[in-house]
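Each structure below appears as structure tokens.
Each of the two complexes below includes subunit A, the first together with subunit B, the second together with subunit C.
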Partner chain A sequence: MNATALIDAAKDGILTGSVYALMATGLTLIFGVMDIINVAQGILVILGAYLSYALSVHLGIDLFLGLLITIPSLFVVGVVIERAFIGRLKGPEKTAMSILVTYAVSLLIEGALNIIFTVNDVQLHASYVNKSFLIGGIHFSFIYVAGFVMAVILLSALYFMLYRTRFGVSVRASLADQTSAALVGIDVRRVSTICFGIGVAVTAAGGMVYGATNAFNASTSYDLISRLLTIIVLGGMGSLGGAMIAGVSMVFIGDMVGVLWSPVWSTMAYFVVLIIVLLLRPQGLFGKPIARVA
Partner chain B sequence: MVERAFVSFKGVVAGYGGGDVLKSVEFDVPQGGLTCIVGPNGSGKSTLLKTVSGLVTPRLGEIWFKGHNLVGKSPREILKLGVVQVPQNHSLFREMSVNENVELGAFLIKDKKVIAERMDRVRTMFPIVAQRANDKAGSLSGGQQRLVEFARCLMLEPDLVVLDEPSMGLDPKTLRLVFETIKMMNNEGRTVLLVEQNARQALKMSDFGVVLENGRVRLSGSGQEVLNNPEIGALYLGGSTGGPAAH
Partner chain C sequence: MNIRGKFFRALAVSAVTGASLLTIGSSSGAASSGTLAMGAPVKIGISLSLSGDFSADGLAYQQGYQLWAADVNKHGGLMGHKVVLDIVSDASSPTQVVTNYQKLISTDHVNLVFGPYSSLLTLPAAKAVSRYGYAMIEGAGGAPSVFQAGLKNVFDVTLPVANDLQPFAKWIASLSASKRPTTAAYVTSNDPFTQPQLPVAQKIMEKAGIKTVYNKVFAAEQTDFTPIADAVASAKPQVVVLGAVDVPTVSSFMQAFEQSGYNPKVFIATAGPDQGSSFLKAVGAKNANGIMVPNSWYGGSANPMSKVMVAEYIAKYGGTPSGVNADIAEAYAVGQTVAAAVNATKGFNNAAIIKYLHSGVVVQTVQGATSFNSLGQNLNMTAYTFQWQGKKFVQINPASDANSVKALFPKPAWGK
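So, the complex of A and B:
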């Protein structure tokens, strides 16, 4: 073990973790505003990856340029899912029912992807995917750095939207208390639909980076959703800042344990941290300690 | 000055899925008056207010306000008609500043000049809004939060103010201030519809009183009539009529 290996692990943790943070932010935004646990988020990431793949292979569109098409497309997919299925869920069982409904949506998308793209693994390719550059004796993979920069830009845009716009005020109010938000004239239904769209749209960016750095097929979504759910549980359900910190922590902790101890324990280490945090703070790092007013 | 019916409840039946809480409620709220609804727990007082603000949609019946039937309208549409509700539980957004909370009261107003003018007005009426402008709303005491909620509800300059147990959990001194503020809003010409557990004190300052029991109107009349009704006094006002407030 040497210092370079540790620095490499920390670097990879932060760069890769930021992309997970981006995907998890979408998931926690949806839960925070709507009390919906979207277990289809994993397959939507894969859908985003496949869209990038299709644009790249069939139309020759660059992976990053393709995001100008895939992000709005997945926003529309999110809006359609919300209007067709999620918006119909009402009452005290809404959150529990949302798991079943979004799982059904997930199965539908998975089936469609299997038919269209088969079950064989694919990976996104571009001239820069395997390129790297050297700074201060440390190798930086271009795609990871680009993914990190993109995640920072998108998360910054999300924060700007939340804290500097009128729509952001209505989202934050809906996050805090839907009834009070409705009583000041916020159209909580519309806010929910747009938030679901945004929450799904970020999967396009996450999916592209994931697909460029991993071979994937539709069933890869199961691994992804389990990671994303544990990220938002650690960060605190509904906490955007918590999702970001937990996303980076998950990869960072795994990588550090892999270097310091053994890669065998990498995944388990994160879950040990998760269990310890939940024992001390059942609401997660930044979750609210009391039940939210529905 | 109290005038004709401003809000009319006509055969309102409403509930939450587990049965009807309101069972054909009928009464009028006079324009410009302060109407207080009293009754035992579970009689449907809060549910009734929720039907006015659109949080609960009645299964049957009509609620008429300024020529509009409010039944089936969203809270946003009802707000646009000039009906503002301050709910029972504290409804400020705790993580937002006092200023942000009060500004949210004018969420439906696009004109920034109008918003600024109204902010100035509520700052004058409620000094706490200026004094704690940048503090998080969650850091205020219960009474202070209630006053900021009142300030927020006045940002729309509503015709009808609906208040659900505004004195809940307040100490006697703050309670007096809250009641004075309610009277001030009413004296400005706003019709006030109030649900209050502190029934004796609320009825004393009210022009009209309505007693709800098991989802139906048991009695209605002037505040003094309801207060002096021996049966109602024995059941809901602590056993005597017209005397000092029971604690």
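So, the complex of A and C:
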């Protein structure tokens, strides 16, 4: 093992991890505001990747330009899902029921994607997807760097929205106590719908980067959702910053173990860390220790 | 609970147990009687990975089985009975595949079963099926672990995978000293199909003086291959032998190699590049140029039966011979082997089919001559190495074979 391999692993961990963080952001936002565990997030990432694929292959639209179409499209998809299924969930079993409902949504979308695109693997192609540039003798992949930059920009935008806008105040008030928020005149239902839409919309960016760096089909969503759930559990459910740090940690830990020890232990190493953190902080790294009032 | 309650509970348990035994008994009876009423269809139960990690292969297997069934029915069916395929999805799960075959036999009362996709699923499936006395004829369970289980009902129509890389390694070793690569990397998933293949190649190549500079195993659950690929690239081996089970794994390594400015002289993957047009679509035709894969069949095979099957496949699904997935031929060969056994034993008796296939008889299939040893391995077939040359998938060795063409060596730069 040489120093270059170690630096490469650290670089890969940070860049790839940020893409996972981008995908997990929507999941943690939706849980934070709505107490909804959206297990359809994995298939929505893949839907975002397929939308980019369709625009690129059939209309020749560049992957990054295509985001101007796919992000609003997925926002609409999110709003429709929230209005049709999620918004109807009430009562103390809402969170548990949301797992079943969003799983059903996930199966519906998976079935539709299999019919439209078949189960054969595809990957997003563009002239810059396989290109890289050198800094200090280390190769940096364009697409991963772009993914990292997008993750930072989108997470910053979400943070700004939550903490510097009037809508953000409504969101945070709903997050703290939905009943009290409603009493002071906040339209909690509307806030929830928009948050769900935003949570789904950000997957378009994550899906595009994922699809450009991995061959995928609809079934890829199962691997993705299991990773995304562990990211938000480690980061603390509902914490945007936690998702970023946990996403990077997950890949970074795996990559370093793979290089220093053996790739066969990469995945397990992350779960060992996750278990230790949960034993010490059951709410995750940045989660709130007190249960919210519905 | 009072005595009366206990009595009724015991009665209920006995009734359920009895009913279950009767179900198993009756299905075994149906399997062993081997006769079907006039005009009744012959039902063949199959569990396939129509979702999950192996879904692309599962779909190809489904097409292969359906193509065979359509051909048989066009010619009057099996022993005059129309073939009906009862296909259920196991979502690539080694536990679901067991449930599926149990249901197919004990509830759906299928007469015969065909194998699932991958060694990982074939082993538990074959164990479950053997309990009912059914023959498990399959095309994707060639790992040593499948044959080491000591099952008498397993018959793999494809070449056992352990020696798949032998012709490739021997070809590399046979190159003149000035051309022969000097370093190699071996990196593989711990999947039972692929992991046993690499040490065979490594032994031959090391004996020829090719130094191993990287040798690692990664977990089958691994999804992020960039750090492993970067570690391989930083070792700068001239040959990369990748133990993969699917297209995404191979595609990720190729992309990471290109991004790190590394291009090996030879790049072979144990699976993935054999998936025809699916592989090209994922990696791009230009990047595929020079990539190799071991297998026992390809769309350009000179086998007359294979030519007919490929023509039928293209007529139905479109494409070119190079784009036909090798899984199609494996599935089709399963059907042909079963048909030969049914015709020879004049019925659907699984015990008779097992005995017949263990007799050393040779069956001709689209993959070539097929016969089985006591473990159910098909040792009649030859391992070949194939290579993508432009958009064409060609056979490059054994060099002695008339259908082999000159290998593209060294591999062209990425995208050329």
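FYI, the second predicted complex is superposed on the first by the 294 of 294 C-alpha atoms of A that agree within 3 Å, B and C clash if a C-alpha of one lies under 4 Å from a C-alpha of the other, contacts with A are read in each partner's own complex, and residues count from 1 in each chain.
Quick note on the criterion: a contact is a pair of C-beta atoms (placed from the backbone, for glycine too) under 8 Å apart; a residue touches a chain by one contact, two chains touch by 3 or more.
Computed from a predicted model, the values in this text were never measured in an experiment.
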item: Partner chain(s) touched by A:Glu93 [first = subunit B, second = subunit C, both, neither]; value: neither
item: Residue contacts on subunit A - larger count, subunit B or subunit C; value: C
item: Subunit B versus subunit C as contact partner of A:Ala173, first or second or both or neither; value: first
item: Subunit B versus subunit C as contact partner of A:Val184, first or second or both or neither; value: first
item: On subunit A, positions contacted by subunit B and by subunit C; value: none
item: In the complex, subunit A residues that touch subunit B; value: 91, 169-170, 172-173, 176-177, 179-180, 182-187, 293
item: Parts of subunit C lying in touch with subunit A, wherever the complex brings them together; value: 50-53, 55-56, 58-59, 92, 187, 190, 216-219, 221-224, 226-228, 230-231, 234, 246-248, 251-252, 255-256, 258-261, 275, 277-278, 281-284, 287, 414-415
item: Residues on subunit A engaged by subunit C in the complex (per definition of touch); value: 1-2, 4-5, 8-9, 12-13, 16, 110, 114, 118-123, 125, 129-132, 134, 139, 141, 144, 213-220, 222-223, 227, 251, 254-255, 258-259, 262-268
item: Sites on subunit B touched by subunit A in the complex; value: 17, 53-55, 74-76, 79-80, 84-85, 87, 89, 91-96, 100, 104-105, 107-108, 152
